[in-house]
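Heads up, the thing below is written out as structure tokens.
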């Protein structure tokens, strides 16, 4: 098959990163159409990758020279755009969240199921990160015995002020939701959020850090420290504690420097591009390869729906201070 | 002053370890009297350290050739024995718990306060461990900013079957209770216990592992994973997450070996003697030095009482599944 | 420009790895011709990447549907093949060694210089490894001050018996030769080889391990432990010790596992594919990108020549036990 | 037996450290006499430990209230002082070097041998360090197979200007000489010193860093980087590379801090007291315990002599640039 022709919708930081990757590092694909809410932005990125800019995202989705769509627009735009892709029957890689509410996500799950073939991949790039893959393999191989507890840490050095407690759940904790589901291979059934003393770097009313506790179908416990204004670095670590061993990833310690301040250590990755840049490329390459074969090779609509459902419960847990059960429909 | 003459009550593993230390590595002290529930055990240890065995613990406490008492008997015996030391007005180092219930612990706090001088030290040896001391100093020096969250891990490779969920709180979590109070310099106000899937190595009805969550007076959160049948090793780690940095101790990684199974790594400390042996010696030396000066240089009766009060709430939290407030009287 | 059409000469392990990469992960290139000493091998790899097999390497080099050549044949074949590429004026990526003797390597340097444009890249893939790049950047940024000493370690778990002392120099130490030149940006002027007790896994007459010591133009010292039958894993580490700091790479410690044998640690990378697989891909992508722009973006003919010259001195040092000066011609 | 009464000769930094330890942390000993070249210094330390100051070291050695002697005077004073202890037949712990030349050291070895009982211990404290003990045990237990190569690193942050190349051999490398002999249990037979680019922090004529290479009786190779003006910290690391595994100590990584400069890591030990303070105490306690039993429990006169002989060869290697054979007499 010839190259996959891709429309990129939304070329903010994430979309522009993907457009550049698809044009320089990914084999078998080509960006033909770029769309953004800001036409100048679309024009600029389109020019840089040899594509044309299109003002209307739905025109982009329906364009003749488009075989597949990458959606990196704001979450509230996802519902209509993903549905348009399904209507045309072309593959779509949608950055998380799948949509911004449970009902619309589930409707997409059902619609894709009725089509009878997978078209949707959701952008949980950690599933393509070498360390998470190795951790998953340890579990699958039984090297840790039955996993009993998972401890997650998700820290950012700094975020804009609109990252309030609810946004932290939807935008950051959502990754740990998918990681827990991926590693444990079962659904999350309840969420509890513990709010302690907030850093003075947080705006009034925002609980940063928070401790989020998930329970799974089989009763396992997942803890997640979410702290997005550490002032330090981008730290994403996961420890799985099993019946016969434990394993930790994200230690970020391959280059050790000793300096004249009498310290040993190294630089922590400053952001997600440095930490997960390679995972994004693997994600894209495998998405492109699968799309050319007419299939999907990554987390799908159901994973996107599950994440939305858990985060919705998480937001209610933030609001109420209670342990909240996750409401999920049956998998079609 | 001449050597401090010490009666050791209870020479099970811990008491025998202390008696040997006082007779070979600690300066300025001498064991003169040994007591144990089992006379042969007392006779054996007494012989090994050049002391005499005494059948009645209260006779030992009142003996003319005894200046100070080290109590390593089972917890239920502590109340009467500590009170007898207070009655005679001599220094006592009491292994945790101070007593087995809140009321008797608080009565001891009050009685010592009425005496007007400190006589009681409780055996929280971690306060003398070089790593905990360094971690405390980092906090005190402001290197981490205001501490917001503390994560503790306490794992044993194996324990006897009588380590049920409540015993795990009283015997193991009690150390993290003191660590949290020591590091944060404030009281714990509530306890919640999360019980997930238990390891199949645990007896029926025992939740192992558990996640214990403490809140403090100022609202900080302390998480503690207690897991005592890992089959792996003795792992005690603490991470303090502050407003401007974080720090972790207990990494146990000073000797790195690479082996023909293609692995790098090292041996984890198998038990508490290997991990905290040096801390016990520092604890004893400083207790002896302070006793000879007529004072106490370590955690006191109040710390023992606070630990009992928090653990009592913890046991109720295990039973009820609820978040339980810690009930503490005013400090005299 | 359209895709770069590549002839791959030699499809043993390395060549087949490159052919697969060029057909699945590298953008902008396509393997059109495959050649190997064994026709069946060539046919098999050609079929797997959609290319045709050609029996004569020089016919492959001159084929109309070939824009560039990747040489992964045995070292003794390189001289004629690289010269044929220069004669036709097309880009060539030649696995090390450039050639097997100093004179022929220098002749290639001169011939390319006369052509007036760079065509040759030599396959020192470590220059594209993220850790070596970060280490080089530390030096360039002055973070370590003037580098004074470099310590290298190169260990393999096992090798075939034909890896004798001289082969170890030519095949393994050659990488450290290039690493030292890359990091220090100057030539090596002498080589000394220290032979100690050999592992009993080594055939008679083979000194394994050896300690190789290089001196550079400015007088810096580079030590290299080469040990290729450790039975352990693939370990490649480099430490740069500077006037104001030191740095180490190759620690291989991102995933830490704790197991029921009471150990902590992780798996070491078993071989060069696991350790340098990503570096090979970066090398290829940058070679392809540069070739399409008509240039070279990596170590060139001079670097290949310098490595041959230093290794020749190293082999003499093995034979004589003396410190041997490196004889190098002037750079054209 | 009653407490061992000790004369401390020389109370510069090291001697004063020992005097304080013997008076506060070591059991079974008491400093009764203090001597120093500077009477005020002797008086000050004597007062702090409850001893009396004596102006003449030989009067101190012969004093009635002295059972054993600790020598921490400058090296050139050791010969006469150790001989005086032998003459009186009392135990002596002598800081390295045993003496400053081969002949006098060997004379002491012979004299002690004629006395028929061990009296001399030399202050190689690393043999009492927990990490070196663990490393030695790994070797003895066969966990690494036959040791083939040992790599040592000895770095100081800063030293006085009189630390020239020869002094670096005698004062610093001497420790690695003993470590190599201790770990490998055999004698060193030759020394070679490689001098590269010196740090600009070094005085003119001083080669800092240097790479020292030892060969042993069985042909093993020991490399030692000695670099005493790093500006960084006190770094002492040793790696043993064996036939079936390797092991490294001195990693100094138990407390990990993450800070707002985006770095992970920790403080390196600033000096030898922080790194080897505990080893010094173990050394003293075991020396005292052994002396009270009439024996020696540590490196003896022969080890002191061997170190002097190897360092003498090392100094000649510095001067001549040649590989120098170590000249040693037969062990009596």
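Here are some notes:
To keep things simple, chains are lettered A, B, C and D as they appear, and every chain counts its residues starting from 1.
By definition in this document, a contact is a pair of C-beta atoms (placed from the backbone, for glycine too) under 8 Å apart; a residue touches a chain by one contact, two chains touch by 3 or more.
Keep in mind the model is a prediction, meaning the values are calculated, not measured.
Farthest from chain C in terms of Cα centroid separation is B. Remark: rotation between chain B and chain C after Cα superposition is 180° (nearest 5). If each chain is reduced to the centroid of its CA atoms, chain B and chain C end up 57 Å from each other.
A straight line joining the Cα centres of chain C and chain D is 43 Å long. With each centre defined as the average position of its C-alpha atoms, the distance from chain B to chain D rounds to 37 Å. Annotation for chain A: residues touching 2 or more other chains are 230-232, 244-246, 252-253, 256-260. Contact residues of chain D toward chain B in the complex are 24-27, 131, 134-135, 138, 143-144, 244-260, 278, 285, 289. By the touch criterion stated above, chain A contacts chain B in their complex at residues 146, 148-149, 151, 194, 196-201, 209, 211, 213, 215, 218-221, 223, 225, 227, 230-232, 241, 243-246.
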